[in-house]
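So, here's a batch of structures to check.
What follows is a pair of complexes built around subunit A, which joins subunit B in one and subunit C in the other.
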Partner chain A sequence: MKRKILVNVVGVLLAFLLGAVVMLVQGYNPLETYYRLFEYSLAPGKIAYTLSKSVPLVLTGMSASVAFASGPINLGQPGQLLMGALLATIGGLYIDLPPLLMIPFLLILAMLGGALWSGVAALLKYWFNMSEFITTLMLNMIADFFTYWAINYPFFEKNANHPQTPFIAKSGWMPEWGNFNSSVIVMVLAFAVIWFIVNRSTAGYEWRLSGQNSLFSRLGGVNISKNYLVVMLLTGALAGLAGGLVVMAGPHRFIKDIGGNYAWDGVMIAMVANSGIILTLVFGFFFSVLQTGSLGMELITAVPKELIQVLQAVIVLIVVAGRGYFETFFAKLEARRKMRERIA
Partner chain B sequence: MNIILGLINGMITSATPILLAALGGSLTYYAGIFNIAMEGMMLSGAFFGMLGSYYFHSWPMGILFAILGAILMALIFILFAVVLKMDEFITGIGLNLFAVGATTYMLRQIFKVKGAFASPEIVPIPKIDIPWIKDIPVVGEILSGQNLIVYLTLLATIAVSYLVFKTRFGLRLRAAGYNRTSLDTSGVSANRIRVWSLILCGVLTGLAGSFLSLGYVTLFSEGMSAGRGWISLAAVILVSGNPTGIALISLLFGFTDGLGLFMQRSLPSQFTSMVPYVATLVALFVYSVRLKKKQTI
Partner chain C sequence: MLASTASPEYIAQERIYPVADIIEMDRIVKIFPPSLVALDAVSVKFSKGEIHAIVGENGAGKSTLMKILYGMQPADSGEMLYNGKKVKFADPGEAILAGIGMVHQEIMLIPQYTVWENVVLGYEPVKFGGRLDVKKARELVKQKIDEFGFNLNPDAKVEDISVAARQKVEILKLLFRNVSVLIMDEPTSVLTPQEIPQLFGELKRLRDNGHTILFISHHLEEVLELSDRITVLRKGKKVGTIKTAEATKAGLAQMMVGREVIFDSIRKNQTAGEVLFETSALNYTDPDKRPRLIDVNIQVRAGEIVGVAGVEGNGQLELVNLIMGLIEPTGGSIKAVGEDITRKPILEKRKRVAFVPQDRANMGASIAANIAENVIMTHHRLDKRFTRWAGRILDFKQAYSFTDEIRKKFDVQMSSGEAVFKSLSGGNQQKVILGRELLLEAPFILLDQPTRGLDVGSIEYVHQRIIEMRAQKRGILMISADLEELFRLTDRIVVMHKGRVVADLVTEKTNVTEVGYLMLEGAAYEA
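This part shows the complex of A and B:
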């Protein structure tokens, strides 16, 4: 356990060191830059905002984590997020209920939207054995164009200068207290549910088993295709939920590029977290710290905030590579120790 | 007649980057590498190609820089996937996102712009008129006057096909993918073959990138590879790496792309832009149905 934490921390530090070298080469002061980065995102008044911004990252990250840990290579989070956001927006445009009903209703719509889109990929695999790895990627592009069409034509806000929908009903806006957006509560609930399913339920045990060794679990009586469908739908729903919350907590309407890079960041978070649910939460928050802080960094030190995107990818590569490297390193040490014991 | 000519020329233009990247993917496919980094390599090639052409006011430098830019990505892939033995899938995804971030960052740092950079200083890759042939009606308009890269792509298809099936390197390449242990025990390092296949993949995807930013259009925009690397990956998987098959599939995708543009008269552009991706799904569908039939026999 300690060793695992050490590997992650060392990997992140190495990535920061590389980032510092890049900054030094370009004539920036890395210490000040990093200080501003963390100051902007972790100052007492700011931390609630950073937490709120971590919601889509953690949710898409959990979607990817659960999928990767259970076998299906669902890379469709970007498309599923958009479809979830679109369905929640449509619900908010045409229906108005009291907030206590409206918010759960829109969240369910968002999850339906995501699950619908991952369901397409799941059925293509189930019926025709088409690899979800490529179909989800293609469906991402299709969802991108489809939602863009939707905000250009049927749900276009008249008189707007660029493609966007009108505001959703006020009752569907996630309540906000200062910098703290209540979407964080939804995220924590989702985290608790997913953690429980994966770690404490029979279904979760079967998923993890199939993820480790599909043949073994089938011989042990696990219904692989049913589990595959359930995992795909669940992970789609998680990504869709992220999309719905982005709309309901943020601009309260569907604007162009609303999905941003959340979903791909989520995939990276899942990878760096080795598909662990708790680590996904930790790294999701950490990535949010970096992204939120990058705004302050750019304001004060003039280092472009795009540097953070590079840093994130470097963190993923170094931490994952380091993990493998350290594991073989420690295994070698262990083997050597045992050998010595035998000789002695 | 003009419509058909337009469709055919559109097909060739859209097929070119996909075909080049897929040929690169074919080499790594035979070497047994699950290489999904074509998207990132292409994007890096497109950026550095633009950079080279802009600074040296010459398109050959542009092509050279594009190839170097893509090879740079290939070297990072080699470092992580071959040297450090990291999961190829994770390396590929990480590298693709690294390419998006790095090109966006450099675009901002070097040119102080966001989104896209265009300038008259960027010299595009010229179109080649072939004497004699260009005077033949109809055929001349297709065979002549294409971008230099298009002709290079044709050569590359033949070269890759020859390399894989007729040379010693090709034999070792296929052996590396088929059974790397036996290749290693026969005294040839499978890792070295893998490294070379990745570098060659870099060269080809670099060319594809240069076609995007210096041929197709003369500008660089963020994420301009727009999923072409993924489509080329689908093409590689569909025909199990065979270069001739890849050429046919790429032309088919190119055709659907051109068809999409043609359909813009009657459909919103958002739907016509979906066509190549839908076509990929349809191709995968046909492939899997055929596979199923084979298995039942």
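This part shows the complex of A and C:
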């Protein structure tokens, strides 16, 4: 456990060191840059904003983590997020309920949208034995163009000079207190539920064990195909939820490129977190710190915010590669100690 | 037992020592990170022109020692003298050039090539311009075959010849490279009892030709029959080197395990009860339309151990997969405890069938999960005490106390239920799996090579548990490649050959020779 934390911390520190070298080469002052980065994202007035920005990262990250840990390689978070966002938007355009009902209603619609999209991949596997690794990636493209069409034609806001829908009903806007958006509460709830399912429920136990060794689980009486379907639907719903919240907490409408890079960042977060639920939350927040901070960094120090993307990628590489390397490193240390004992 | 199959020419002759040492290994240490001491300052000398057996339990360091000699692994410390000169081989290629070759357990030949093509591969005689001199190559190989009296056709394709013949090709390959020291890593593990004397005869002829043969084995009869001297390793340390003429089986076993081991049948007389398990005309044809199982009928009664003997690949794997439901039969049915389970979901089968697979890491456990998580598999669906909320939530407290129960009942060496399964030794992994399956309390138990890869101590322990299950009136079907094990435990033995059950024998009324012959030929031999 201690070693696990060490690997992650050392990985992040090494990545920052490498980032500093890049900045020095380019003639920037790395210390000031990093100071501005964290000041902008972690200062008392800013942290609530950073938290709100972490919501789609953590939710899509958990979607990828749960899928990877259970076996299915669901890489369809970008498409599932868009479909969730679209369904929530449509609901918000045509239906108006009191906020207490409206918000859960739209969130459920968003989850349905995501689950529908991952469900298509699951059915393709069930009927034609097509790998979800391929189909989810393909469905991302389809979702991308389908939602683009939807906001250009049937749900296009008249007279707008940009592909977008009108605003959803006010009752479906996530309440905001200062910089703190209530979507964070939804994220924390989702985290608690997912953690409990994965670590405490019978189903979660079966998912994890099947993810590690599907043949053993099958021989043990686990219904592999049923679990596959449930995991695909659940992880699709999580990505869809992220999409719904992006609309309801942010622009309150579906505008072009609303999905941004959230879902791919989420997949990356799942990889750094080694598909662990708690680590996904930690790295999700940390990536949000970097991304929000990059704006301030660019404003004050003239270091381009693209540098943060480099930093993110380096963190992923070092932590993932380091995880394997540290194991061998510690093992070798231990062996050398034994060797010395023997000679002495 | 094998001694009975040997013809007079194989009776060990007294040989004269000391002869010049060809290899001297001095205080070799090998540590596998993090802390597995595979070899702990092992010193051993091999003489020119002897068959030197290296015996020990699994994990004693036999193979590691030989791999270091052969240049496959570097030693962490220690020295090696070869023909009086200090040597260190960086890779097997260097060792072969120097005259030391190794025949591995898995045979590595190109199936589509002929015998002579395989032998010359990488060492081909060439004509002008670097073209292969086919005539000369074939002639050279033929010469070698005649020189050593191998019964081989140089033009046969390797895919068409028997495993025993392939092994000869491997040996021939090394002789073709003028190797004078041959290391054989458990060469008999792929052979049937009938093929073994022939191999031994050839090895002895090579020795009499001046070759040195280092023979790794954990079969004591073989070692006693073949070798001139024996070095025993235990847990990475050398216990001693003795002359075979002065060794006994019991003495060697004691050196190997550090205590006395009993070898006789351990069954008590007991009458079998009702039929617990039955396959009727079971047929399976694989996706390539090859029949793998043909009309297999096997019955197991309560309080009875039935063994399945057969050379690997004669339908045992398919039988296991059919019983467990990994594949579906093309015909016939499987009944367990009075119910047809042929096409039932696996969980339904598991209510009646406990299963110990041969492949621990892939079928028997999730090595990345912790021990408690491995222990509750299947139980978590069949036993209500492991779940709450109508089976939806796992009760981990119960899982850990169940792990503790298995630790005590099955004598497992482990730190805690939270440790990863991977951290257990092979013997302890098997005990955990055995514990999980036997405590399912299914009336029928399917054991697929339950002692494969275990050391003598663990094997003894597993055998005791199996006998206990028999006394509890459970029905046991045990597939094993180890005839000694089958004769020790079973009441009946069915022999499989090319997908058919060719014999159903009462263990007390048969013998190793008969079963071995049936395994090989598929028909009873003419006495």
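Quick notes on this structure:
To be clear about the criterion, the second predicted complex is superposed on the first by the 331 of 344 C-alpha atoms of A that agree within 3 Å, B and C clash if a C-alpha of one lies under 4 Å from a C-alpha of the other, contacts with A are read in each partner's own complex, and residues count from 1 in each chain.
FYI, a contact is a pair of C-beta atoms (placed from the backbone, for glycine too) under 8 Å apart; a residue touches a chain by one contact, two chains touch by 3 or more.
The structure displayed is predicted, hence computed values, not measured ones.
By the document's definition of touching, of the two partners only subunit C reaches A:330; subunit B does not. Once the two complexes are overlaid on the shared chain, A:271 sits against subunit B while remaining clear of subunit C. When the two complexes are superposed, the chain touching more residues of subunit A, out of subunit B and subunit C, is B.
Once the two complexes are overlaid on the shared chain, A:320 sits against subunit B while remaining clear of subunit C. Contacts of A:153 after superposition: subunit B is touched, whereas subunit C is not reached. Of the two partner chains placed by the overlay, only subunit C lies in contact with A:200; subunit B stays clear of it.
Of the two partner chains, subunit B is the only one that A:129 touches; subunit C does not reach it.
With both structures placed on the common chain, the touch criterion links A:309 to subunit B but leaves subunit C unconnected. No residue of subunit A is contacted both by subunit B in one complex and by subunit C in the other.
Those residues of subunit B whose C-beta lies close enough to touch subunit A in the complex are 76, 80, 84-87, 89-91, 93-95, 97-98, 100-102, 104-105, 108-109, 226-227, 230, 233-234, 237, 268, 270-271, 273-274, 277-278, 280-281, 284-285, 288-289, 291-292. Residue ranges on subunit A touching subunit C, taken from their complex, read 200-203, 205, 208-209, 212-213, 215-223, 328, 330-335, 338-339, 342-343. Interface residues of subunit C facing subunit A in the complex, by the touch rule stated above, are 29, 31-35, 37, 40-41, 76-77, 324, 326, 345-347, 350, 355, 357, 362-369, 373, 377-378, 380-382, 387, 391-394, 396. Across the interface of their complex, subunit B is touched by residues 26, 73, 75, 124, 128-131, 134-135, 137-142, 145-146, 148-149, 152-153, 264, 267-268, 271, 304, 306-307, 309-310, 312-314, 316-317, 320-321, 324-325 of subunit A.
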